[in-house]
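Next up: some structures, all given as structure tokens.
One chain, subunit A, links the two complexes that follow: it is found with subunit B in the first and with subunit C in the second.
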Partner chain A sequence: MKILGKVSVVALGILVSSGPLRADDQSEREARWKDIETSLFGARVVQNGDGVIALDAPVRADDASLVPMGITLSAKQPVKSLYLVIDDNPAPVAAHYTFGPAADPREIKMRVRVNTYTNVHVVAELADGTLLETEKFVKASGGCSAPMGMSDEEAMKGMGEMRVKFAGDATPSKPVDATLMVRHPNFNGMQMNQLTRMYTPARYIQTIAVSDGPQKVFDLETGISLASNPVINFAFVPTGKGQLKVDVTDSENSHWEKTVPVPTLSN
Partner chain B sequence: MVAVKQWVENMRLDRRKALFGTFCLCCLPTIGRTAAFKVEEVAPGVFIRRGVDEDATPQNRDAIANIGFIVGRDSVLVTDSGGSLGDGLWLRETIKATTAKPIKYVVLSHIHPDHIFGAAAFVPDDPVFIGHAKLRAALETRGEFYRDKLSEIIGVDQVGPLVRPTLEIADGGEVDLGGRIIGFKAHGPAHTMCDLSMLDRQSGLLLPADLLFVSRIPALDGSLLGWLKELETLKAMGAAKAVPGHGAVCVDFARAASDLTRYLTVLRDGVRTQIKQDGSLQQAIKTVGAAERSNWLLFDDYNVRNVTQAYKELEWE
Partner chain C sequence: MIRIAPFLAVLFLMSAGVARADSPGHVPEPAGLWQGALHGYTPNTVAGAVVVDTAALEKLVADKKPVLIDVASADKKPENMPATALWFPNHRSVPGAVWMPGAGSGTSDKTFATAFERRIADLTGGDKTKAIVAFCHPECWGSWNAAKRLAGLGYTAVYWYPEGMERWQAAHETAVVKADSEWTASMSGGGER
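So, the complex of A and B:
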């Protein structure tokens, strides 16, 4: 553990500290990202995407087990897929979105766990295969091992329950903002029960697929960096079929699905 | 139980070290601040020490909560034990310097570190440790985590072991200090999931611990709607004066409760509005509660966290 500066212990389980970043940390961080980059993209070149991708992440995470991340894309050509990588988390790839024809990947918001001071990277893959990246440094600590503040049974109550909210009514071929909420504790295997000295077994969401009628909005591959009870804000272009379908599977192979009508403007 | 007994043994063996070594108050680098600490008699026989309005640091030894004791005809009850072993030892010395009566009860008002880590200092007195029926489970999931984190700040020797309740209150209860009855109420999810409040029937003084914050920004770690509800329960008890968990040691209860209710209501209404307007968590964090900024100390350190907690709770409404 690094030397802690100012730390809040009074209120909650999550600690936030602020201290200077040392130079060797800096080079370590760069090396770490190089490793991750190579394992994800091999020899492909990842270009600086500043100006095309923007990552809105808090400089200091007040609740490390629930850190909001906002990704904005202004690519001229379609974005095929998107990676959110938390370099120093135990499983760095927090999310990999593959977009379908009904997607409008202008803006994605989600909530993640951040375990320690880390760089967070977003990499967008354009239709022609170009890879663009941007990064932010986030100060957080303990987000992965932070206890849930309730028993495992309580945390699992209503697991798989889903809600989809739309911002207003949809007009065919015009993008609509949607919010997907899923009840799931997303146990990452790092939360310990003190009496038994046993870790709560990992049980986490692995995939979320969203379609509008026959058209894919996105496939999301995710894992233990996703915050519990995940909420994802996204946009899609309704086809007019009026049915949004969500499929969720977790690491225990449980599967939940929900189909909701897209509220359409009647003209 | 075994763990506690074992620790008592160790404590006895280590007593010299405990009192003259690592934990010796005069050797701690905090003598200035420690010397400044004192208890105030807020009602006859009720002594409270004002916690500092800071977060835990090596200098303040996490002595940030209001802690103290109540003296009855036969025995003493510790209202909350302090934020570290050092803080608890300081309180114990203060009690011994005030009265020769035995320390029979030590209250663990809720799970937060600044209220429970002083408890180990009282193990040699073999008191009844009183807590909410849900405190034990909370200690199981969070206790060690808090201990590690606090150790990183003030050192593991200063933190001491966790102490579990030996008398669990599921709804109400009382203890008798000898002609002085202290009533307990176990609350539903509010500030935390395991808040215990106390009423000293003799003085009519209410001791709601962290269900009442004064000056220092409230920290939400249980349920926002629940806290608003439990504040009504407390108001119905009709106490005129109260000892908050943080802030001035004795306040006019109605007034302090209305300040807290106002902040929690701003939080609730602001977050609900954001959710209704499809404002994201990011948006809520940036806007909700701003009007309350000048009313509370440490606002910037906790408001965002409170908004996040509230959002998480209310988005499923």
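So, the complex of A and C:
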């Protein structure tokens, strides 16, 4: 029922928007999402995930280059992967997480760039292949061309340095909240250096992999929509081995890794 | 002392002058097209054109059905994107606008000037009194240049909307527009900047 309703709204929208000047904003936005959905999921049906997925995003963001996105999931079955899509960004998929056995994908937070007023979609893929989506409209613009306000050299200082913070001590098989901070300008090629007035060449993070010992927490595929100096909040279920490993690669094929001890409760 | 004081005063005036010229609201109009970086503070005016804010543009669109020229650059695909990553640029503009990416260039190239002149002549039906609005983004010289070019071509109802798409979308619906195919075809020799 839900899906049928959506299709007819789209169809109606196309009729309305065929007028010469009155473009139907809403139907165009839905058509855009349909196109993205098809590129990502082909003919698979994406169902309304309200009640299972929640997206916490500001209605209006003051800083479009640093828009916080909070995703909470309450699926009954395991979540295989998660997409964060900024519909109107030129590279819409801001994040694609593939979760491993050590993941606890109840809550993920990250900061992204938003180019123009846009719908933001989150799609969760469950273990049985079910796709669930939710959406929010975010008013922010110019995030993709916002300069960092410093020289490129300064912005690249310490590139690849990482910090991981844990919320308290870990108990094996109990979820722990963690914050990963990566120093990286994530240049998207659309930012103008305010001193040289030249466009800073693109150089951006492409993958972030996090494991707890031999167990994968997540593989993240990302790109130019990720904010500079990314901060990612996530949770994982420690195995008790006590080593969290982070691997980061960027578009220039640079690779950085860091292994940190997971603080465990002493018996 | 007597000799140093006037020197300091001149120095002070000079530095004050430099700061003013490069700050919002204090940018002088260049005599010709702006050939520097397109992103930056722009003058408050452009000779030969009327500056419109969002409310004035709204009224203009309703009253005069102007030709709307969006000269914003196209998104540039970053290098080394994985083949599997989705590159799917989407240009939003004022509904009804003709998007001529790169048409705000300040180049003195003859081919560019001719292509611009021809496309505008088509869009206005050769009517030099037709209302025509140039815009792109805030703090973008592209639309300033386009308005300047239009005035130079003898159009008599040229409007410059410096607030651009960002301010328009704060109060209005926007439309997805494709780059004007005739413009991009005429520019496919590499005129786009």
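What we mean here is this: the second predicted complex is superposed on the first by the 238 of 267 C-alpha atoms of A that agree within 3 Å, B and C clash if a C-alpha of one lies under 4 Å from a C-alpha of the other, contacts with A are read in each partner's own complex, and residues count from 1 in each chain.
Going forward, a contact is a pair of C-beta atoms (placed from the backbone, for glycine too) under 8 Å apart; a residue touches a chain by one contact, two chains touch by 3 or more.
In this text, all values refer to a predicted model and were calculated from it rather than measured experimentally.
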| item | value |
| --- | --- |
| First (subunit B), second (subunit C), both or neither touched by A:Gly142 | both |
| Partner chain in contact with A:Asn229 - subunit B first, subunit C second, else both or neither | first |
| Subunit B versus subunit C as contact partner of A:Gln215, first or second or both or neither | neither |
| Partner chain in contact with A:Gln206 - subunit B first, subunit C second, else both or neither | second |
| First (subunit B), second (subunit C), both or neither touched by A:Lys165 | first |
| Touching partner for A:Thr179 - first (subunit B), second (subunit C), both, neither | first |
| Partner chain(s) touched by A:Asp62 [first = subunit B, second = subunit C, both, neither] | first |
| First (subunit B), second (subunit C), both or neither touched by A:Ser81 | neither |
| On subunit A, positions contacted by subunit B and by subunit C | 142, 145, 192 |
| Subunit C - residues contacting subunit A, complex | 36-37, 39-40, 61, 75-82, 85-90, 92, 95-96, 137, 165-166, 169-170, 173-176 |
| Subunit B to subunit A touching residues, read off their complex | 55-57, 62, 64-65, 112-114, 137-146, 149-150, 152-153, 193, 219-221, 278, 280-282, 285, 301-302, 304-305, 308-309, 312, 315-316 |
| Touching residues (chain side subunit A, partner subunit B) in the complex | 1, 4, 6-13, 15, 56, 58, 62-63, 66, 68, 70, 109, 111, 142, 145-151, 163, 165, 167, 177, 179, 181, 183, 191-195, 229, 231, 233 |
| Complex contact set, residues of subunit A against subunit C | 20-25, 28, 32, 35-36, 39-40, 87-88, 90-93, 116-117, 139, 141-142, 144-145, 188-190, 192, 197-199, 201-202, 204, 206, 221, 223-224, 251-252 |
